[in-house]
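Below are two complexes that have chain A in common, paired first with chain B and then with chain C.
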Partner chain A sequence: MLLKKEKWSAFTQALAAGRLWAPVKQDGAARFAPVAAGETPDLDYDNTTVPAKTLVFPQTETLYRYRLGQTAMELPGPGEEAVLLGVRPCDARAMEMVEKLFRWDVDDPYYLKRRALTTVVGLACKEPGANCFCPSVGGGPAGAEGMDLLMVDLGDAYLLETVSGKGEALLEGVKDLLEAAGPDAAAHKEQVVREAAGKIRRGVDPAGVPEGMPGLWEHPLWGQNAAACLGCGTCTYLCPTCHCFDIQDEVEGFDARRCRMWDSCMFAEYTLHTSGHNPRPTRRERTRNRINHKYNYFVQKFGVIACVGCGRCVNLCPVNIDIIEILRQAKEAL
Partner chain B sequence: MDLEKLRKTAAEIVSREDVKYLIGWRQGTFGYRAAPCFVEDAAGAAELTFSPLCSANLATYLTLAEKLPVPRGKEPDSRKTALLVKGCDSRAVVQLLVEKGVKREELVIIGCPCPGMVDRALLAEVIPEESAPADLKWSGGGFVLVKNGLETALPRDRVLAEQCRLCRHPNPVVSDILLGEPVQPWEVGPDGGVDEIEAKDVADRWDYWEEQFSRCLRCYACRNACPLCYCKDCILDRLNPTWINRAVNFSENTAYHLARAFHLAGRCIECGACERACPAHIPLGKLNRKLAREVRDQYGFEPGLDANAEPFQAAFKPDDPEEFIL
Partner chain C sequence: MCNANPYLPYTATIEETWFETGGDRPIKTFRVTLDDPAAREGWSHRPGQCAMVGLLGVGESMFCISCSPTEGNFLRFSVMRAGKVTGALHQLEPGDKLTVRGPYGNSFPLGDWRGKKILTVGGGIGQAPLRPVIEYVRANRDDYAGLTMIYGARTSNDLCFKGEFEAMSGCGDLSCHLTIDVAEEGWTRNVGFVPSMLMDLGPSPENTIAVTCGPPIMIRFVLENLKKLGFADEQIYTTLENRMKCGIGKCGRCNAGPLYVCKDGPVFSYAVLKNIPEAFA
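Our next item is the complex of A and B:
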């Protein structure tokens, strides 16, 4: 289906009748924020600083509330349906990947509930960023994995492609605003996607890396790349596939809650034992783990590289630690 | 800066038996980035560079070095660390010396007079950042971007980093070897960023910081990038007792940023590392510069200039007027 751009405002208004999230730009960076009735989201952005995962896997999430000295627990409510508008293919694909983890040994009710309540309206990329490398890891500027609906900007209109039943249902609700796509729409889309893919300058072919990782365990590349690492959590917190969390009880007076919050394998206390022993004592081991988790362990367990090539960790590392460069070195050392 | 001289000097120093490694900058892997690098031998010195992209404060690495337990029967590595410093890096070194965070005899300091660094985001507004590493130079009081042999002049005022615009000490205040001629310090105008916040009333100031701190991800990039945030046991990492909850929300985030700002009052040397590292674009420089301004105005003290100074927050004078005590 086609959505003419003059109907964009009406389209988003129709979606904003429910809970709608879309990227907003503030202080030079984009982030997902709720769209109020009367506001029109602007999709002119490369990618949000914080990935869309934060909307299905919030940084801090209350698991339940309780009062000290009492046994009753208060579970969170049933949640609300939401539409995420303008999710980039890398972020949508990452949600699908993280879901594999949250479905693995036990179904994680919190993640899966949010995922079920969320309709992801993706947006194909036209202007990839300087560090985008999604094609290297099985993605692409118009990949629809993890989406319910894909939007492709054809200039004067968006081409809307349904990916799931949820996407179909969403379109059904706004069908008066749409028109059938003409016979040349598919070719036009292909051209847009090809042009976007042609603008991606960075990348590395990871073939052989997952299998080769164990052989590189003691390779000097880990120490060399970790030498400048500050040990902050930027790379992991901004990674759309990083999913580690910690669980803490937080108490105020007699009111308490058990919550989970993102954790980062780049922090020293992540693996710190009560005894004081730390099996990953330095940033070398932590960096090695971060790359191995994405390019080795996750592949062994779920058959897919847990990196979607969004480039955030490269772009925002304060000291230019570059996963593409690390992979290039790993490949060379195989 | 004569890069050949820099590399030659570095190669000589790193070849010395009493030097463990040299910390410098190399070209980044993409766009407007330079990366800190550790040079362990003379050959490695060839990758060193000094350009308007070398904003990272290398003094951070002095206290970040990981010391693993020394195996029984072995001597600890007592060799020196060599370090390239700009004005701000050198002030961080001096402050570390004041606090006995590092020892002077463990350092070989190579001074790089600094004409100012570019701000990556401002530069990207003028010329979009590309995947290939950019080649940037100082030229004629401004900056020049070299691409395919073509030079594009960039006006200094347009792309100079904020902390550099406000810098009063562009030349290293301590060094064993100074590379090149000292630069002429420039006229420092008013700190518009801090003035703007001071002009707000209390409620507006609160709203401003609420908006900023609410964005914080608590990735601790600001703390870890700061050359003077080096407590071995940081209250943020403590779980028992938990001084600041792990939960990420405005209240806890504010507690974090205010704790850090106060711990840096009279110590912060205004290098801007915190703000540069922040992925959420929180203007941390304004917060730290406000406290630095108070310390300067109220006590006439500027940290990181004199290695024999008393540590500001630890000093006590019997004749302190203590006007704030009722």
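Our next item is the complex of A and C:
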């Protein structure tokens, strides 16, 4: 289906009748935020600084609440449905990837509940960022994995392609605003996607890397790349596939909750034993674990590289540690 | 697995506590029963498994369950006072409440070991996960061809379960070999490190499974010595501990290479672990 751009405001108004989240710009950076009735989201951005994962895997999330001195535990409410509008293919694919982990062996009720309540409306990329490399790791500027609906900007209109039943239901609710796509829409989309893919400057072929990682365990590349690391954790906090968390108790007066919050394998405390022993004592071991987890361990467990090539860890690292460069060095050393 | 929500713990009541050791990092044992009768009936754990023990308002930590299911319908945890959660746990007394979730992880394949001789080699608090193995084998003594325990600590005051083991060694179920690092007045048993005592005893690897747990440095030398004695990799088992938060393979941190200690472990054969570069880090 086609949505003409003059209907964009009406379309987002219709979605904003429920809970709608879309990228908004603040201080030059885009982030997902609730869209109030009367506001029109602006999709002119390459990607949000904080990935869309924050909507299904919040930075801090209550597991249950209790009163100090009592043993009754109260679970959070059932939650509300929400539409997440303008998710880039890398972020949507990451949600699907992380879901494999949250479904593995034991279901994680918190993640799966939010995934079920969220309708992901994706937006194909036209202008990839400077460090985008999604095609290297199995993605692409119009990949629809993890989405319910994909939007492709065809200039004067958006082409809307349903990916799931949730996407179909969403379109059903706004069908009066849509028109059938013409016979040339598919070719037009293909051209837009091809042009976008052509603008991706960076890349690395990871073939052989997962299998080769064990042989590189003691290679100097880990120490060399970790040498500048400040241990700030930005690469992991802002990574759409990073899912590690801590569990802590928070107490205010007699009101308390046990909650989980993002954690980072780049922090010393992450693996620090109470005894003082740390199996990953320096940033060299932590960097090695970060790359191995994405490009080796996750592949062994779930058959896919846990990196979607969004480039955030490269863009936002304060000391320019570059995962593409690390992978290039690993390839060279194989 | 316990509740439908795997993060939601059971509440439990402490029935009994006692100190195993003294010093600046004392070890206290807690005997605990789950409050909900259905949960108590539904609970089943195997030797080697762990549970997440918590204190509302403080936090949760993973501990090995230091009793065998053959001992009764309760749980035991032996906890060294070392940090925030363990410090708070040490303040607790009988009647106080805990949270418990689990049991987590795999277990010692005691079914596969039937007909074999079992040798445990432990050091310090590392004896806690070995104790359920010993108790389980004692309870099914006819199924196993032998039970030998080597256990050491820095001083006689640092030995856990000492009274129990001394009582056991008198009844013929168990060949019990205790050792301490440095000689003490009144100590009539062995003096020396655990790996050396293992060599002095020189157990035959024939039809034997060796299970070891203790400080990383001890494990390293015990493994070396077991190999010198002719034990095959498949005859050697250990149990790993890493920092954990979830216990169900989600929070990420307990991995040793590609293995999650909470799901793939904590029990591993040396045949598996020797290929994992981080296993003994």
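Criterion: the second predicted complex is superposed on the first by the 334 of 334 C-alpha atoms of A that agree within 3 Å, B and C clash if a C-alpha of one lies under 4 Å from a C-alpha of the other, contacts with A are read in each partner's own complex, and residues count from 1 in each chain.
FYI, a residue touches a chain if its C-beta (ideal position, glycine included) is under 8 Å from a C-beta of that chain, and two chains touch if they have at least 3 such contacts.
For clarity, every value in this text was computed on a predicted model and none was experimentally measured.
On the superposed chain A, the two partners chain B and chain C both fit, without a clash.
Contacts of A:A17 after superposition on the shared chain: neither chain B nor chain C is touched. Once chain A of one complex is fitted onto chain A of the other, the partner contacts of A:R280 are limited to chain C, with no touch recorded for chain B.
When the two complexes are overlaid on their common chain A, residue A:A333 makes contact with neither chain B nor chain C.
Shared-chain residue A:A186: touches no atom of chain B or chain C.
Of the two partner chains, neither chain B nor chain C is touched by A:A116. In the superposition on chain A, A:Q248 makes contact with both chain B and chain C. Panel annotation: after superposition on the shared chain A, the angle at the CA centre of chain A between chain B and chain C (CA centres) reads 90 degrees, nearest 10. Once chain A of one complex is fitted onto chain A of the other, the partner contacts of A:H293 are limited to chain C, with no touch recorded for chain B.
In the composite built from the two structures, the nearest CA pair linking chain B and chain C is 5 Å apart.
Shared contact residues of chain A, touching chain B in one structure and chain C in the other: 246, 248.
Put simply, chain C touches chain A in their complex at residues 1, 4-9, 11, 35, 54, 56-61, 82-83, 86, 97, 216, 241-243, 245-246, 248-253, 255-258, 263, 277-278, 281. The touching residues of chain A, counted against chain C in their complex, run 63-64, 66, 68, 71, 73, 75, 101-102, 104-110, 214, 217, 243-249, 251, 256, 258, 260, 263, 265, 270-275, 277, 279-280, 285, 289, 292-293, 296-297, 300-301. Taken together, the chain A residues at the contact with chain B in this complex read 27-29, 31, 49-50, 59-60, 130-131, 201-202, 224, 227-228, 230-234, 237-238, 246, 248, 250, 259, 261-262, 264, 267-269, 281-283, 314, 316, 318-322, 324-325.
Contacts from chain B toward chain A in the complex involve residues 28-31, 33-38, 56, 60-61, 64, 66, 68, 121, 129-132, 215, 217-221, 223-225, 237, 239, 242, 245-249, 273, 276-277, 279-281.
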